[in-house]
Amino acid sequence: MRARSRTKVMLALAAAAIVGGLAVARGRSEAQTPSPAPTSAGVGTVGDVPFDHTIHAGKYGIPCLDCHAFADKSPVAGLPSGRKCMGCHKFVAKEKPAVQTLAAHVEAGEPLRWQRVFSVPDFVYFSHRMHVRANVACAECHGDVAAMKTVVQQRAFTMGRCMGCHKERNATHDCLGCHK
Amino acid sequence: MIDTPAAAAANPISQIERDTLATMTRTSWRYWLGLGAAASLVALGGWAWSTMLRQGLGVTGLNSPVMWGSLITTFVFFIGVSHSGTLVSAILFFTRSPLRAAVGRSAEKMTLVAILTAGLYPVIHIGRSWLFFFVLPYPNQRGIWPNFRSPLTWDVFAICSYVTVSALFVYMGMLPDLALLARRIGGWRRPLYRLLSLGFSGTDGEWCLLERAYPIFAGIVIPLAISVHSVVSWDFAMTIMPGWHSAIFAPYFVAGAIFSGIAMAILLLSALRRGYRLGRYIKEAHFDLLAKLMLAMSLVMTFVYATEFFMAFYRGDSTEAELFRWRATGAYAPIFWLVVLCNSVVPLVCFWKRARHSLRVLVVVSVVVTIGMWFERFLFIVTTLAHNFDPFAWRIYKPTLRELAVCLGGFGWFVMLFLLLIKIFPSMSVAEIMEGEHASHGEAPHA
Amino acid sequence: MKTGRRGFLGAAVGTMGAGLVAGCSKRLPRYLIPHVIPPDDAVPGIARHYRTICRECPASCGVTARVREGRVVKLEGNPDHPLSQGALCPRGQATIEGLYSPDRLGTPLTTTGKIGWDAAEGALAAGIKRALDAQKLVVVLTRPELGSVGALFRTWLTALGQQPSQVVTFDAMDRPWLREGARLAFGANANPVPDIAAAKLLLSIGDDLVEEGAVVEQARALADLRAAGGRFVYIGPRLSLTAAAADEWLSVEPGTELLLVLGLARRVLELVGPDAPEGLAVATLRARLAPYDATTVAARTKIGAATLERLARDFLRTRPSLCLGPGRAVAGNNAPALAEAIYVLNAVAGNLQRTLRFLPRPQGAWAGPSMELAELTRRAAAGEVGALIVHHANPHGYGPLFAKLAAALEKVPFVAAFNNQLDETGRHAHLLLPDHHFLETWSDATVRDGVTGIQQAAMIPLLDTRAAADELLVAARSLGKATGLPDGAFGDSVRASFDVKEVERGGKFSEATAASGTLADGALAGAVAALDLAGPADGLPLVVASTLRQLDGLPPTSALLQEMPDPLTSISWGGWVELHPTTASALGVVEGDVISLEGTAGRTELPAHVTIGLREGVVAVPVGYAIPLLDGSPPALGFMTRVRAHRTGAKVAPPHVPGGQSQHGAELSREVTPSRRLPMAPKLPSMNPPVEHPLHRWGLAIDLDRCNGCGACVAACYVENNIPIVGPEEVAKGRDMSWLTIQSFIKDGGDGAAEVSFLPLGCQQCENAPCETVCPTFATYHTKEGLNAQVYSRCVGTRYCENNCPYHVRRFNFFDPKHGPRDSLGLNPDVTVRGRGVTEKCTFCVQRIRGGEEKAKVEGRPVRDGEIVSACAQTCPAHAIVFGDLKDPTSQVSRMAKDQRAYRLLEELNTKPGVVYLARQREKKEGT
Amino acid sequence: MREELVAVFGDPDSAAHALRALREDRVTTARVLSSAPFPAVHETGRPGPWRALGWIALVGGLTGLSCAMALEVATSRSMDLIVGGKPIVSWTAFGVVMFELTMLFAGLSNFTALVILSAFTRRSVSRRARREVTTDRLVVVVPLEGCSADREAAIRRLLSGAVEVRP
């Protein structure tokens, strides 16, 4: 009896060791691609101009490309310039205190500092242009931003995720497509 | 040392037990000295490696085009050492050789320790050791896998299997001893043995199972052992480099492996015999046999060297001919001739019976062979890289002290593990020895 | 302008975050900062290109600056500019380093320390005022300024009531003897300009076309000449790059070149007989050339009489021929006479107006009489100069060569220096004003009649610098003497003088109007100076070797140019002295012995490099390291002198790139002769299915017959691909990271004349790549477009691939990578910066391929041939490297691959490389 | 406690004698315990499922082989990258890993089988008897279910060579 239970123990231990080893290895590999922690600090400037996607993209349904104007012509999507913000806010909601601070910033020529939420490691060359051209909806990677008061990254940009989508759409899975 | 029947007569069993378990029970100052020395070598090597990790492989003497050097040399060397143990033991088992009871266990342990040492070096020598797991096939978030067409991937599998199987091989053979130890040895080791003996209690049923399982396992070990060193040789033979790309490599490596393995075995066994007065079990006849084997291997090596040169010049491939000309006359010529001396000339003394029977001579020869084999690996790895297709890229490589420290650390690690193993597990199969003693002194068993 | 700049600055800062995402940052920034007011049509992540000119040397080639996120990341030749025609020399490629150098000055300095700009401007005005009040001269000492800036100096001086001629041009690498020779031969206002490509036989008297002057243009012309079946003979003591490119290298007793040329002239004149070119005063010439009969000349020059005869006959038979020179390597103190004799030889052979054209002297407000250095020296020493404006000139840097001038300048009460960095002259200045880098400011340069390149501000000044021109204007205004000077910023006035089209093309380019010139009656009238080499009589003649790495005659400061090995010796980092084996054994010297050289001017110590690429009994030193040996009479570099040489006993290993310079029978760099063709490529069977390339199979063709080993490709590769700089110690250990190596093999081509063959070697992008199979992690593999991919993020650094690469073109990062000055902002954001422990290699500039393909895809069209080029092919001055699609039979690269000179490296290994070499042609017999 | 005789022998030969004697007396249920493989342990007609081991090892080996095949082919296909111009699925190259895994699995299964099977077989001998065996003592166990007293006496006589015999 005892002998048998010992056997079980041994096997269990071995199994545990293997699983644990794999887990560690995985952890290491994850660590290699810094998956950005969901930031609670709202998207916006140093803090005094809170920006809310639910209003702009949600309530008023402004298309992403209106503000992230480079997404279809450049690897980087880009962010709206102060002038662009004022383009609307000269007329819209200009009584709101936040908008007034914004106006003040732009007047003083101070650029807005936007909190970075999404990023890929520096050895990955992601091109917004090619993905927008391939009609990949922004939400597929960025999630339903229109519904987020503060934008958070719901799923980490892991390579597996890229590969999955690329295989699905039978896009290139040549390593040099992203690693140069 | 001759064993007197009288000595056995007193109380054969307990006498045998005392002797065979001596390595575990008696701990002389020599042991501690050896262990300390080995441990400090390991510490040195560890420090040297840490500098490689912190600053980069630039602290080695490697350069372009000589990208592999003393580290890989040490890897191949220890793979070689690991080779003979299990193989010899398994072969002796099938040949029902009396040698086995005495030397088999130590040989198997040596194998285990050596492969554990060798396994370190691929990890140490790569540029990003911390990403070593990239070569393991496991489902990962990247959704990518290793390349099964690469000899290095074969290596990973070969070495892992070899570690596992040879560990189990020792273990299986030790089961009865462990059961016995669980009764005999007290203190902290007892629970360990209780656990490890897996409840083996010597019923006739268990013996029958064991006696069936063991030969099967031995049958698995032999081809595996041969395959491991062939795979390591293919790391080189599968390339297109002159001096590497050659069909002779697998057998050549296997022979070299057994050669160096036996030398190492002689060293360890003589140490055991000396340190624990086991002359009664590790007999001169055994050393004599090992010496003959070593001699045979030495002759094989000499033949291989000759063949290599013959082929190089016969083929008329200018690159290869130039390489071998340079190997014997160029910057590394001293090493080449050292290797010839150590591996082809010195072992010839084993032709003389007196040499084979003097432990001193054998030890010296074994040390020489060990040195010779290390440099032989070094020679063929470095010369090929330093002097091949593009003359503009030819360049000499000299290992730095850091590198050599890491290699020494390996030797320290090897000795340390071995010393620890003999302290924890018996160095001879108690059961087999008793069986053997009984067969030779008790009345003949009936059919 | 200012607001525009601020907006631009916005661009620079604003999209930095974005830039870095796509770029090479080690840590990603936490914030993204868009502009307040975005600049028009600036798209972050997309490169913009500005046509401008390179000011690294007076040649002023046209370049295109690639700008990412407001940072210039690379210079490439301007395809529309007649000089560069798309190519650029290594020096130009390395410019980026100077731009981002941490040594750049950010604030004005006085003798007491840093001061603000207002104070500096005050001090400048005050200094000038003192000079004016004291009725002393205000002089501008400037680097060659062939355009608006030069013109401004003159008008500025006029406005101050000074003579416009008080602009003194300082150019240490100037070759005044050529002008002097032209004056002697053709009279004062003739401007002879050789047309190399038009010649069938080119005879260079030590004129290193590939290393001196407008190298890009000359290298191309030389390659074209030989490609068109022309023959090139080089006569000089040293086997320079130019000599290596020649079909025949001859050398004469050092200093007797003049005799040789005169001898040739005499013989040619005899041979041409009655049908001598009209307008030639045959009789007088005969008389003047009489003393130089073949026997005496042959005897003195130690060139065989037969060779002399052959040269003379060739020179006449294969017309139009052209004789050029003298270059620095043979310029003795009779250089003007030699130059004159060479012009005469051309005239006698009837090459005038055919290969030796005459152009009008470049007109323009900047041209015109100006003070010579000698005069400046005299007047400054006499204390007549009250204020000196030094503009990017560094006479103090040249040691004894300009010692007199330097000493004289000490006497000037007020010296204000404009420069980018603190140099020797700057240290002696009273006021040091940091100027913009030439990529940050506006100007232009007229390199020859009809060719004016515009210099645009391609980026916002990195530091708090100001344009020299603007500062002079400010000073003039504050002194109330601004009459005739442009109001507003100087840059605007320059910009205004070019229309949009011209700005887009990079300048005004029109056909040169031909002018005439004939041999002056006074030609050869002057007594021919018997050459006497300065320096100790028992010394050896010193050859001052021009090299691309030292275009300004000073030891290179750029990390890249120093790391990039000298193509001939494959030595990097530091100088050396070349000796012929016999000379070496006479001195008891072997490779690496440190040798002490003593001239009249001074002494220096250099490691020896023993080579057969040099005439016996002379020593050669790269110009920058010969400085201490050269004395200042007359003020130009490269005057041949004698030096004593003996070994010091010390020994160093000069940092060689591996460099066994013999091929040991391995036919890597191959040669063909009319008699000997290449063997047929072996047809090798394979067990494997053929590799499919559905769309493209990118390939490279390298014409070794055009390649002159200048190394522009190497420099371009470094800049384009963020290749680390490892430094001298590591190079000596054999750990240079260059993806592209110029392997140079030197052999005795019979009758003592050495022959060099070059082999630019990068990744061969094999179809059956040995490196790929062995990688356990798929970090390297074969792409569908035929590239041998290297995925850095997947590499664990087993270095197995490097072992199994028969070409040894893979490099390993032994330490954390450093990139010299570019580390701050100058790296290419399109290429990953490889980390420690990772293998890297040539990728065929995959980032450029991808860029081109994306562009084509966006525009919905297939990729055009020549649209995608690797950095090396793009910059090659000799157009020796061609990149393209081997799958497209019409592409230039596939056409070259079918050439009968085409071969691939180590074909017998069946690696099927994607790089094709075209064998070098040798032994072109005369008149072929 | 079970009805059995536990005879402790001082040396292998007397144990062997006793067992032979028992067999001649048609006592087939005797079992022997020993700390070393003395011939005595073969005197009880090799009990236990040891014949299964060979087959188990074979099956294990084949499993390893197929695992290796599956792993190599599947992963190579999913990567779909050409290296050195070799086919994606190149059996020659895959052979090595197949061999290694075959051997590994065969060994593992063999060992596991040994451990588990012996855990079962040893249960047929009472724990009491199992405790008796030491290096210098062999133990013979004879179960006595439903056999008469004189039969037991006979058996005890056959075991006379023992150091001691306990009920």
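When the chains are written out, they are named A, B, C and D in that same order, and each has its own residue count from 1.
By our rule, a contact is a pair of C-beta atoms (placed from the backbone, for glycine too) under 8 Å apart; a residue touches a chain by one contact, two chains touch by 3 or more.
Small disclaimer: the values here were computed from a predicted structure and weren't measured.
> Looking only at C-beta pairs that count as contacts, which pair of chains has more of them, B-C or C-D?
B-C
> Averaging each chain's C-alpha atoms to get its centre, pick out the one most distant from chain D.
Relative to chain D, the chain with the farthest C-alpha centre is C.
> Compute the distance, rounded to whole Å, between the mean C-alpha positions of chain A and chain D.
Comparing mean C-alpha positions, chain D is 60 Å from chain A.
> Chain C to chain D: how many Å between their CA centres?
83
> Please tell me the distance, in whole Å, between the geometric centres of chain A and chain C computed from their C-alpha atoms.
47
> Which positions in chain D touch two or more other chains at once?
Only 79, 81, 83-84, 86, 115, 119, 122 qualify.
> Hunt down the residues of chain B that sit against at least two other chains at once, touch-wise.
131, 143-147, 149-150, 153, 198-199, 201
> Please set out, as single numbers or ranges, the residues of chain C touching at least two other chains.
Touching at least two other chains: 770, 773, 775, 778, 781, 794.
> Which residues of chain B touch chain C in their complex?
Contact set of chain B toward chain C: 55-58, 61-65, 67-68, 122, 125-128, 131-132, 134-135, 144-147, 149-153, 156, 235, 238-241, 318-319, 322, 385, 388-395.
> Over in the complex, which chain A residues touch chain C? Could you list them?
Per the touch definition, chain A meets chain C at residues 34, 70, 73-76, 78-84, 106, 109-116, 119-125, 127, 129-130, 133, 174-177, 179-180.
> Which residues of chain C touch chain D in their complex?
686, 688-689, 691, 767-773, 775, 778, 780-782, 912
> Going by the contact rule at the top, pick out the chain A residues touching chain B in the complex.
Contacts found on chain A: 2-4, 6-7, 9-10, 22, 25-26, 28-30, 32-33, 158-160, 163-164.
> Quick one: in the complex, what on chain D touches chain C?
79, 81-87
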